[in-house]
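Following this line, the structures themselves.
Each of the next two complexes has subunit A plus one other chain: subunit B in the first, subunit C in the second.
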Partner chain A sequence: MKRLETDVVIIGGGATGAGVFRDCCLRGMRTILVERNDIATGTTGRNHGLLHSGARYAVTDGHSATECIRENRTLKHIASHCIENTDGLFISLPEDGLEYQAKFINGCARAGIPTEILTPEQALRLEPVVNPSLIGAVRIPDGTIDPFRITSSNILDGREHGGTLLTDTRAVGLIIQQGQVAGIHCLDVRTGERYEIRAAQVINATGAWCHEIMEYADLSVDMYHSRGALLIMGHRMNGMVINRCRKPGDSDILVPGDTVSVIGTTSTHVGRNELENMEVTDEEVRVLLEEGCKLAPSMASTRILRAYCGVRPLVSTSSNGSDRTISRGLVAIDHADSDNLPGLITITGGKLMTYRLMAEVATDMAAKHLGISKACTTASVPLPGAQGDDRANSQSWSLPNTVSGSAVYRHGDRARNFIKEEDKNKQTDLDKQESSPRWRNAVVCECEVVTRGEILYAVDKLNARSLSDLRRRTRIGMGPCQGEMCACRTASLLAATRSDVVSPLKALHEFVDERWKGVRPVLWGDGLREAEFSYWVQEGLLGLGSLKSDQQNDQQNDQQNDSEALIANAVDACAADETLSGQQAEQRAEQGEVV
Partner chain B sequence: MRRQCLVIGGGLAGLVAGIRCAEAGLKVAVVTSGESGLAFASGAIDVLGYMPSAAGVHLNEPVSRPFEKIDELAEYFPEHPYARIGRDGVYKAMDWFHGQLAETGLSMFTASDEQQNQWRVTAAGALRPTWLSQSVAEVLPWDLQNVKRVVFVNISGFLDFLPELAASGLKRHPAFRNSQVEALNIELPLVNGMGATADTMRAPQLCRALGEKDFNIIASTLMEKVQDASLVVMPACLDSALDSLHLKELRRRTGLNIIDVATLPPSLPGIHMQQALQHRFAALGGFLIPATGIRHGIIENGRVFNVSNGEDLLTADHYILASGGFFSKGLNVRPDLNAEQVFSEPLPVKEPIFGLDLNTPEQFSERKFLSRTGHGFIRAGVRLNRDHQPMIAGQPLTNLHVAGTVLGGCDPVQECSGGGLSISTAWQAAAKVIADIEAAGEKA
Partner chain C sequence: MSLFAILKSTENKSGHSFDRSFDQCLKCTACASQCPVAAVRPDYPGPKQCGPDGERLRLKSSEFLDEALKYCTSCKRCEVACPSDVRISDIIATARSKYGNNSFKIREFMLSHTDLMGTLTRGSAPLVNKMTAIKPVRLVMDKALGIDRRRTFPAYAKTSFRRQYQNVAEQQAQFARQISYFHGCYVNYNDPELGMDLIRVLNAMNIGVRLLNKEKCCGVPLVANGFPDKARANARLNLANFEQAMADGSEGIISSSSSCALMLKDEYPHALGIDNSKVKSGINFITRFLANEFAAGNKPEMTPVNLKVAYHSPCHLIKAGGVLHTLNLLWEIPGLELQQLNSNCCGIAGTYGFKKENYETSQAIGSPLFRQIEESDADYVVTDCETCKMQVEMSTSKQVLHPLTLLRMALV
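The block that comes next holds the complex of A and B.
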């Protein structure tokens, strides 16, 4: 069996895992990150994208509020290309009263969050979409953060500092020898290949799924899985984040981001068996719209693009209480101390805002065991993309503002790696390898202004291996048309240039179904018009569905079942493996025997 | 001027209804809100490509002789619009339509046996059965035997044709497993493009940008690189006129079996068909009222009295509703956020102009977008009584006739039947209007 050796192996490619990856690499550890799907596909990719100021927690959870405002300032420094400094409003409606506002301002003061009290007229001038019946508003330094981009930037930096990313790779067991964790058993989900990664430290950064990894070592944790649903509106309605100034509740934050606005969230407890393939319910859509319209009444007549939901990885500290009362604080467990099982560290709880801090805490634990004294620098060294001011430079590119602006907005200073400049002396890697670089700036996705160059860059440098991966790296197919034409164009582009990494037809079908999953819960009005149009184009005009014959369909289902069975078998095999003595397992491994 | 017939909707069904009425000498107007679905259609006309079944369509058995299958279809699916028209009616309508197009200068061809379907190649490399094709007929044999080499040829940089995807798509077809299928991109100067590059163009712009030098390069490249190809598939961007002269000339010069297929929207073959039908309608004395969206109708004593765009009233003796599906706003769904139960099942589909009674599917959509079963919303549409009349709360409207996609009752996308359905239902609606007017005249 294949075996890799490293210092640290991280399980989980969400924001936290990516943060740990970067931190470990910057501190000089040999690091591998395994992710069963693509980066930012779990909780990270399924939230508001709110850069909290901490104000939301100022009254109920002072500790989280303090953490938030500190990280808020840090992230604005290290990840400027992933962040918009929009500021936010906490509005009080007649039904809320102003009593809470006083508590709120006190709480913010205690946490060190600056506030500015506004009159309703001032608030409306700043943010005209706000409910005009408001009786008061407070301005706080909320912002927006792109969760895909920040995860990708952390991964990129880690890889540029020697780290290895393995996506589509599932951890199916822990290697436990002589009472300590010595690595993981992996399964390459694409090829079905099983192998081992030997590591001195295993960091479990699987968030809401962390109990699964812990169970490989017969450990348990009391997770409280809280599901949150959100709606994406068809255009950007608001410039500033809008919150309700009351105890945190359902659907009381409207966050602008890129070209859209997101309203959320709900909060429902879900069992640990319900974490996969969650679909938004009609009731969730109803609550989100009803409450959302109180923040911004024009939402009632705005197109809804899609609905989605994620699950918060909360850790219960007491047996009673709903999730809104459980701390959003991070939970870091060094199992050497807590369970007498050296070699395993679990980092969970927390939230996107504190991903960097969580990463620092977990990396500190690993560093201590490895005897590495180099201090954490992730709070001061900017991420790739935030290392220069290319907003200014992009003005000199002979390109429409929409093209250069979108590229820089998404990739910061790294945009120059794929934008084709007229100046022949400035050659990028892409220039050298491409036969016809003059099509680099061709706009493939009009809604989000994604160019051919950006797509190829994401495949080559950002480990995108499918259209859905590309969506997370570039926003392709995220706009009003939901990838109706650009998905086909991109598939053809990949077939022409990168068919060794991506299987274009399969990727296209997967992408179309993934987009549809989010549209279906809100299938009415203009969204339905768009869906019918897409159906006529993709199925009627192009006949995409028939590119899978019945036989191939069946085969594909079998394959899917196969891969599920493969994972189940692999997990079982590993579990059996652990019952052998460490020495036996060692021998088997050395003989290269497949177990 | 008193109109005898007002057609609401200027898509395929609306224009066909208008032409049929005008041809019969009626004073007829077609009122249209804007561009129709024709602008993104393939430009080919399907009649029936796959037989529907309870669980979708039989994809493995394409229908080879569509008209002969209509009786069987009617037996199993009495609510299908074809069932109300019947085999002879559908054939008459389609044959008439073919004749009307011949008058416009837009050449369309059946297979050599005119009862037989032929293959349409798509820009993604799929094969769809169709009845009439634009510019060239029967480019592939129906049994798909002995097709040795297929080349998808694009203009470099043009984004709305998908040669590499098409090559891998066609390669998946069992009949092409041993064929050579590939993509070729030709760099062109685009002499009439005024410096703009192909990546910034949709098909109509690209068409205008091509000049003689470009055609020369295309011809010489094809002769040099793909001389032995059984079939060369190009994006439909060669001809701005209806006569396909450039394509014919390219075929003559190279001796190759070249076809041009509809690109991503907007598609030239679709636009050409729209132009041809509009010209024909005008030539027959029909009156087109553009940029006018009809918003509601006024009903009196079981008859449509007039219709309004919100400002002006339009009046006629008879009305034909050909307002299309959801995309064209002939149907809509808008949950009432103030209602007790916001999301009633099934979702409340409405026909917004008259508020006609509808058939709504139990299952509105499927979990997979490209589902073999087809989506319920595609089948939603106006319910007709035994006399083919639409109803409001069960009460029939005697001077309103319904045609095209707004009828629903089947899945034209999965069946490959969209063109035939629009044409034959419109032909039938117009025939009813003509017959009613004649009967009224005799009475008078």
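The block that comes next holds the complex of A and C.
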């Protein structure tokens, strides 16, 4: 069986895992990150994208508030291309009263969060979409953060510092030898290949799923899984983040993110077996809209693109807390200390805002065991993309502002790696391998202005292996048409140029199905018309349903169908007997033996 | 509250009133297939990307304003094509003034303030006409102002329509039926004869023509050139005069310009945010009014004209849904052989074609139309729009008539 050796292996490619990956790589550790799907597919990719100022927790959780405002400032510095300094409003409606506002301002002051009290008129001038019946507002330094981009940038930096990313790779067991974790058993979900990664430190950064990894070592953690649903509006309704100035509740934050606005969230406790059920219910949609309209009344007549939900990885410290009262603070467990099991570190709890801090804490633990004294630099060294201001530079590209602006908005200074400049003397890597570089600036996704070059760059440099992967890195298919036009264009581009790394038809089918899943809960009005039209184009005109799959289709399809069973077998085999050699386990798995 | 109740409840409570019709866009691209500019300018991304797609980006930041928006002619063929009722052309026009560089430009001011320019030429029209026709002056206008030197300028009339009207005002008052005429800048300053034709035709149908106490430019060139505030002020003045006219016993307001009529009747509310509901139903483009009168039996006596004409349908008349009325009217003229030209934009688009940077585009857009006109053996070209007339007369060998002029020629 194949065996890889490294210093640190990280399980989980969310923001936290990616942050740990970068931190480890920057400190010179040999690092591998395994992720069972793609980066940012769990909780990271399923939240508001709110760059908290900490104000939301100022009254209820001072510690988190302080953490948030510190990280808020750090991220604005290191990840400027993933962040917009929009500022936010905490509005008080007549039914809320102004009592909470006083507590709120005190809380913010304690946490060091600057506030500015506004009159309703001032608030309406700053943010015309806000409910005109408001009685007061406070301005705080909230912002927006793109969770996909921040994760991808961390990964990119880690890889550029020698790290290895393995997506579609599932950790199916821990290698435990002589009372010490010595690595992990992996399964390549695409090929069905199983192998092991030997590492001195295993960092469990699987967030809401961290109990699964801990169970491989018979450890347990009291996770409180809280599910939150959100709706994506068709356009950017608001320029500033809008919050309700009251105790945190359902659907009380409206966040402008890139070209859209996101309203959320709800909060429902879910059991461990429900973590993969990501269907948004009718009741959740109703609550989100009813409450959302109180923030911005025009929401009722605004098109809704899709609904989605994520699971918060909260760790209970008391037995009867509802999720709004459980701290959003990070939880870092060095199992060498807590469970006498050296070699395993678990980092969970926390939130997107504090991903970097979580990564620093976890990496410090690993560094201590590895005897590495190099200090953490992730709070001061900007991420790739934030290392120079290309906004001024992009003016010289003689491209439409929509094209150059979107490229720079998403990739910061890295945009110049895929934009085809007029200047003949400048040649990028992509220029050299392409026969017709001038087509690179051609727009493939018109809603979000994603060019051919950006797509190829994402495949070549950002490890995109499917249309959904591309969506997370470029925003293809995230606009109002939800991939109606660009899905097929992108698939054909990949078929023509990158069919060795991407299976275009399989990717197309997955993508269309995945888009449909999010549209279904909000199917009325313009969204319904769009869905009908998409069906008509993709099925009626292009016959998507009759295109079964790619060339080696049958083989791959079989693997796809079998992968669930394969994973189950592999996990069981590893869990059954840690002393079994990998080969024995493999044989047992192949025989389909269930222990 | 039920989901349905939520969706209904807050519909009109929104605190702001900008045009959100871009939200309805299905990305079907029907508009792009009909755009005359995109067909001749590969660097123009077309109405979908400039309009609804671009608006989503511009809401993010005004930095996403695409320079290419200036190539839009506001012909509104995209809006006619759109199955989702997206006000594409309005979105583009608004974006230019809302997000763009709004520094004062003398050329845009001169071209768009059609009534002011007309007033300034009063008494000096023959001189101005001679001046704008000579090469050195045109060269100076080209270099200094960016008004293309190849463009033929509309001649200014010696005596304005309003003044000429004074000669017939008395006899107009004798008719039992009275209608108010919004003559617009073009008839007043450039082509008073067309206004007189309108009076003759309506008089032959026993309808007297009144002028409004006061009228100003409808606003089309002002919106196109980035003067929305001026357009709004004009709209308010015009509507107040319309209301006054209706109160004074006028049957309605008619216009002989297809673009003015579209603006006055259909576009004031959403293009300028000005409510015209009190008088809207009374505003008509002349051919619609006449076609309805003809259908009701009020037809003047006519003799055969024995002419062959080729009819060009102006973009804004298509947008207003008025082409059929003009055709109905032309079909009533005895001895008229009517050829319908293909529906092609002529390319001038009001003040657009006068601008130096647009000249080539303007002529390229119009070229299929010019070719078809030259290939036809028509005696005249007929069209409802004054700038289409300028463009066709400049770009082809044929003379262009307004349907009203043709009708007047048929009167006994």
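Please note the rule applied: the second predicted complex is superposed on the first by the 563 of 595 C-alpha atoms of A that agree within 3 Å, B and C clash if a C-alpha of one lies under 4 Å from a C-alpha of the other, contacts with A are read in each partner's own complex, and residues count from 1 in each chain.
As a convention for this text, contacts are C-beta pairs under 8 Å (C-beta built on N, C-alpha and C of every residue); 3 or more make two chains touch, one makes a residue touch a chain.
Note that the coordinates shown come from a computational prediction; the quantities given were computed from them, not determined experimentally.
Trainee: Is A:Thr151 contacted by the first partner subunit B, the second partner subunit C, both or neither?
Mentor: Neither: A:Thr151 stays clear of subunit B and subunit C.
Trainee: Mind working out whether A:Val449 is in touch with subunit B, subunit C, both or neither, as first, second, both or neither?
Mentor: After superposition on chain A, A:Val449 lies in contact with subunit C alone.
Trainee: For A:Trp524, using the defined touch cut-off, is the partner it touches subunit B, subunit C, both, or neither? Pick first, second, both or neither.
Mentor: Both: A:Trp524 reaches subunit B and subunit C.
Trainee: Which holds for A:Gly234: it touches subunit B only (first), subunit C only (second), both, or neither?
Mentor: Touch status of A:Gly234: second partner only.
Trainee: Which partner chains sit in contact with A:Trp439 here, subunit B, subunit C, both or neither? Use first/second/both/neither.
Mentor: In the superposed model, A:Trp439 contacts subunit B only, not subunit C.
Trainee: Scan A:His509 for contacts with subunit B and subunit C and give back first, second, both or neither.
Mentor: first
Trainee: Touching A:Gln101, do we find subunit B (first), subunit C (second), both, or neither?
Mentor: neither
Trainee: With the two structures laid over each other on chain A, which partner does A:Gly479 touch: subunit B (first), subunit C (second), both, or neither?
Mentor: In the superposition, A:Gly479 touches subunit C alone.
Trainee: For A:Val130, using the defined touch cut-off, is the partner it touches subunit B, subunit C, both, or neither? Pick first, second, both or neither.
Mentor: second
Trainee: By residue count, which of the two partners contacts subunit A more extensively, subunit B or subunit C?
Mentor: Of subunit B and subunit C, B contacts more residues of subunit A.
Trainee: For subunit A, which residues lie in the overlap of the subunit B contacts and the subunit C contacts?
Mentor: 282, 285-286, 289-290, 293, 300, 443, 485, 524-525, 529, 533
Trainee: Subunit A touches which residues of subunit C in the complex?
Mentor: 1-3, 6-11, 13-16, 20, 22-29, 45, 48-49, 53-57, 59-61, 63-68, 84
Trainee: For a test of understanding, state which residues of subunit A touch subunit C in their complex under the given definition.
Mentor: My answer: residues 124, 128-132, 234-236, 258-259, 282, 285-286, 289-290, 293, 297-303, 391, 400-402, 405-406, 409, 443, 446-447, 449, 479-481, 484-485, 524-526, 529-530, 533.
Trainee: Show which residues of subunit A lie in contact with subunit B when the two form their complex.
Mentor: Its residues touching subunit B are 282, 285-286, 289-290, 293, 300, 436, 438-439, 441-444, 452, 485, 488-489, 491-493, 495-496, 499, 504-505, 508-509, 512-513, 515-517, 520, 523-525, 528-529, 531-550, 552-553.
Trainee: Would you mind writing out the residues of subunit B in touch with subunit A in their complex?
Mentor: 37, 40-42, 59-60, 122-128, 156-157, 159-160, 162-169, 172-174, 183, 187, 197, 199-200, 262, 264-265, 267, 325-327, 329, 332-335, 337, 342-343, 347, 364-365, 367-372, 375, 377-378, 412-414, 418
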